[in-house]
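The following blocks contain the structures, represented as structure tokens.
In what comes next, chain A is part of two complexes: it sits with chain B in the first one and with chain C in the second one.
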Partner chain A sequence: MSSSPPPSSAAASPSCPKKMIALRSSDGETFEIEEAAALQSKTLENMIDEDCAGTPIPLPNVTGKILAKVVEFCSKHAEPGVDDESLRAWDAEFVNVEQATVFDYILAANFLEIPTLLNLTCNVVADMIRGKTPDEIRKFFNIKSIFSPEEEEEVRRENHWAFE
Partner chain B sequence: MAETSIHRKSSGDRPNRTDKTNPPLPPPLSPRDLISALPDAVIHRIFSFLPLQDVVKTSVLSKRWRPTWTTATDLVFDEEIVARRGSTLDFSSLVDSVLIQCISPTVKRFHVIRFKYEKAHRPKFDLWLRFAEGRRVEDLSLLLVPTTEPPTLYILPRFLYCWSWLVRLKVWTCCFSLGRTIRWPCLKILVIAISRLSDDILEGIFRGCPVLESLKLWGCWGVKNIMIDSTCVKELVLFGLRDSNIQTIWAPHLLSLRISGDWQPHAMLRLGDVSSLVEAKLDFSIRVLTDLPCDEMMCSHMLKETFQKLCGVTTITIGAWCFQKLSLLEMEGVPAPLSICQSLTLHVDIIQWDLLGIAYMLRISQCLEKLVICLTGLPLSMYSLDEESKESFNYDEEDFLCSRKGNFQCLAKHLKRVEITIDNFGLERLLALIKFLLGDALALEKMIIKANLNMGHGQEHVRATILSKLLVVSQNMLSYRRASRNAEVIFSHSFK
Partner chain C sequence: MSAAPPPPWEVVLLVSHLLDPRTLAVASCVCKSWRASMSSDNLWKPACASLFPSLSALQSTDPALPYHRIYALGLAASRCRARSPAKPRLSLDDLVFVVDVRSEDLPITTVSKPGDEIAPDPNGLFRFELGADEECSLAMEIMDPVRITWIVALRGWKAVFTMMECDGRASFIPGAEGWFSQELPLAGCCSSAAASGLVADMKLGFCSRGVAGGKIRVESASVGILSMGSWRYASMEDGLRYLQNFLA
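Let's look at the complex of A and B:
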């Protein structure tokens, strides 16, 4: 899905009925996505309704690198005839990336309102949190805590059952 | 160690260029602490995948995190939170302490799971439901566990019946009050377990839930007739227990029906108009208390009638007990209505006449495209046949199938996919059938055989014996003649 020539006119010929939507990332790259795939995003769905001439939809919050992957995700999930098991396996591979990229996906899915991608990526982060102690979580995500020991003790006491 | 700050300070080599007119910017968050930068709404979604204790633990991560959990949109209280810690905190107090701190304006999901309910808890639950009401909970589960026999039921409070925002409701060990009008205009999914209902209450539910799509009644008693004329209700699941005693089901717009569990013999479930059914699952059993042949006959008769109502259904699953009874119908030579079933799943116990049942199903399913057979290794208590019947069924499996060949019309054109799952003992039983199918199914595309082997005590020599048996059988199987050139045979095994 690299840069494409200017989008063709909206009229669909009988042999090529799929309508393509053009998207532009924050760094100026253009991507094409099938309408069916684009409808997975509530944000895009709203924009497509209002769009007339087929000019690329600008997405200032999403870089080209991430938008390429998001388009790939939506296209895969709009494909007919894929059975659940292989889709799940595909999803697992899709999120098998480094931490920073998962968060990029989350922010993109949040901005574009893609519930499937948002749930998938949030579940991945939840897996990173589950069962860890607070110290382990801080280390894993580089969270800086500025609590004084007394403050931290107070917080722990408020819900001691969670820390036992 | 988590206290050390990682943000970069300006290097000492650079000339001091601090612009004294602009105040220095606050140090940025650690360049790689991406999670704390997420908006709260996203963090709440992450929380929705985590057990409550992990959610509450985040309060100590940093100042940013301290209040975040208190606006969480999912509150799931599972008894195992308390079970793990012995008796330091009881379930009730835990729920109370969390609810006090929870300041979210909206809570989407409120679940109390596996709470051991006693009568004294009633005011507590009323209070918790008031909280849930204030937060407009869409997805409510009260999965209460009975502590007495007969079970003490939690009487659902009146104000619950007019939650216009409720979408999913699951209640165990609760009861509905007669004479209250139910108004749940958004309710789509309803699960009621271990409860006393009545025909009137059920009617009230259907009237008050115009968009209801799925209803599950699990171990309920008091309902005799289920009449659903709503066009929205797509799925009905009935699980029988104790005194479940449903007599008729009338649902002309229903798409999916499942009847499971254990039913009383005098229940005599009868299907009325279920003409829209697309999917049916019969995996129930009827506990016959006596050995009298008339009781057995009543069961067979009831099953035959039920099955007749399903001849317009395209996807059918039959559980072990029902399958056994259907096999008997074949034995008795009962003429069967032709079915348009396209996908058939059978759960079969290994008994001598299981092939009869399969033959019966093949005979009547003339358009069958997909056949799935799961052979379970735990035989039910053997159906007691008189000696004469037993004699007439010492048959050779291959001969038997070949003699019925002309009856299996689905094989000529339709049967495309066969999946067989077996455990330790099943494969030899089905060899004749596999041979037959491969030899006569002209349209067959795929045959998948999965052996799930239970190693028990993990003794090496036992494992080796089973494996070698498997190897011999699979080699035989792969060498059988195939009527369909494109047929692919896939054989896999796994050890438990």
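Let's look at the complex of A and C:
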């Protein structure tokens, strides 16, 4: 596999050996990702177009631990010939992780503009919120309510219809 | 559970776009920062536009009115409009119907029937056949002036309401009915100058059987409440609800 960048302004041809993009996480780890997989991220797509894909692309907002998983996600979703049902099952397993990790996935998917990952992960959290009372939500996410008693009353009154 | 850190505000913001109005409203009650994220106009505007498009006029009048409040207002307004009235507290058994017919101060006939002796209308309407005791009805001339009174009272004479008191003429033809009606007052909300749209209706049946000299007697009386808008009898429930205003 050639490691020298192609001539400027030439897009990688699909019939060539697969072009690998190098990414560097915030904590200095380097990962390689196939171009096809990288193109799932609009952020990376823009950077690749700008032909700065020679040196590893720095991603200061994403740690190595999360970036590894994001690369895994994008690679899976770029794989040809995977049927919808298997992909959905794979996705369900992918997000079967602890809360804090899902939040990290959301932030990474947002920063890297990966619509499929963002949608998947946000829906996981949305499902955690739907159907719960405010108290249940607080307990679930370990949130402290810092309303003053007057504010608490006001917000309850404004939204009383949602509790009927 | 574990002491996991709460979701970062960017996560809350991103997830809020997937939530339906009810969940957004519940989530607004979680904490201060969630309230801010979940009340954002751009989250509520689409729901308002699709469910309550006419209320966008409110936003033009007062740009400071947030869309989540417009949504709550729209929901409350549509529930109010759809609300059906409470079941009447009165029942036919609580009432006594009194019909009085007199001609030039001469009592012709008086019919008094307690509600539990009155057969309810098979179609659930507020109209009733009261019958009349022919034996007790005095004879009168055709076309004699008559004064008709219909009173509804609460059992035990706790309260009375005069449904109608009007003058007319006895029937033109023996065997035909005399028809009398009078507009009912509006109950409760508006001044008496406004029309209630309801009419007290009475039909008296006259006959000339067993009466000499071409005179007639009252042989039957039926009463009811008519709606002027549809010219149909009010339902039993509507009639009872109406009377509640004056008797209960």
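The definition used in the following text is that the second predicted complex is superposed on the first by the 146 of 164 C-alpha atoms of A that agree within 3 Å, B and C clash if a C-alpha of one lies under 4 Å from a C-alpha of the other, contacts with A are read in each partner's own complex, and residues count from 1 in each chain.
To be clear about the criterion, a residue touches a chain if its C-beta (ideal position, glycine included) is under 8 Å from a C-beta of that chain, and two chains touch if they have at least 3 such contacts.
Everything numeric here is computed off the predicted structure, so don't read it as measured data.
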Key: When chain B and chain C are modelled together on chain A, clash or fit   = clash
Ask   = A:Glu158 contacts which: chain B (first), chain C (second), both, neither?
value = both
Request  = Report for A:Glu98: first if it touches chain B alone, second if chain C alone, otherwise both or neither.
outcome  = second
Request  = Examine A:Ile129 and indicate which partner it touches, taking first as chain B and second as chain C; both and neither are also allowed.
outcome  = both
Message = With both complexes superposed on chain A, which partner does A:Ser145 reach: first (chain B), second (chain C), both or neither?
response = both
Inquiry  = Applying the stated clash rule to the superposed structures, which of 40-48, 202-210 or 310-318 from chain B runs into chain C?
reply    = 40-48
Inquiry  = Give me the intersection of chain A's contacts with chain B and its contacts with chain C, in residue numbers.
reply    = 99-100, 103, 106-107, 110, 118, 122-123, 125-126, 129-134, 137-139, 141-147, 152, 155-156, 158-159, 161-163
Request  = Under the touch definition given earlier, write down the residues of chain A that touch chain B in their complex.
outcome  = 99-100, 103, 106-107, 110, 118-119, 122-123, 125-127, 129-135, 137-139, 141-147, 152, 155-156, 158-159, 161-164
Key: In the complex, chain C residues that touch chain A   = 1, 3-8, 10-11, 14-15, 17-23, 25-32, 34-35, 68-69, 72, 75-76
Key: Of chain B, residues touching chain A in the complex   = 1-3, 5-6, 29-30, 32-36, 38-39, 41-42, 45-54, 56-63, 65-66, 81-82, 85, 88-89, 94, 97-98, 101
Residues of chain A that touch chain C when the two form their complex = 98-100, 103, 106-107, 110, 118, 122-123, 125-126, 129-134, 137-147, 151-152, 155-156, 158-159, 161-163
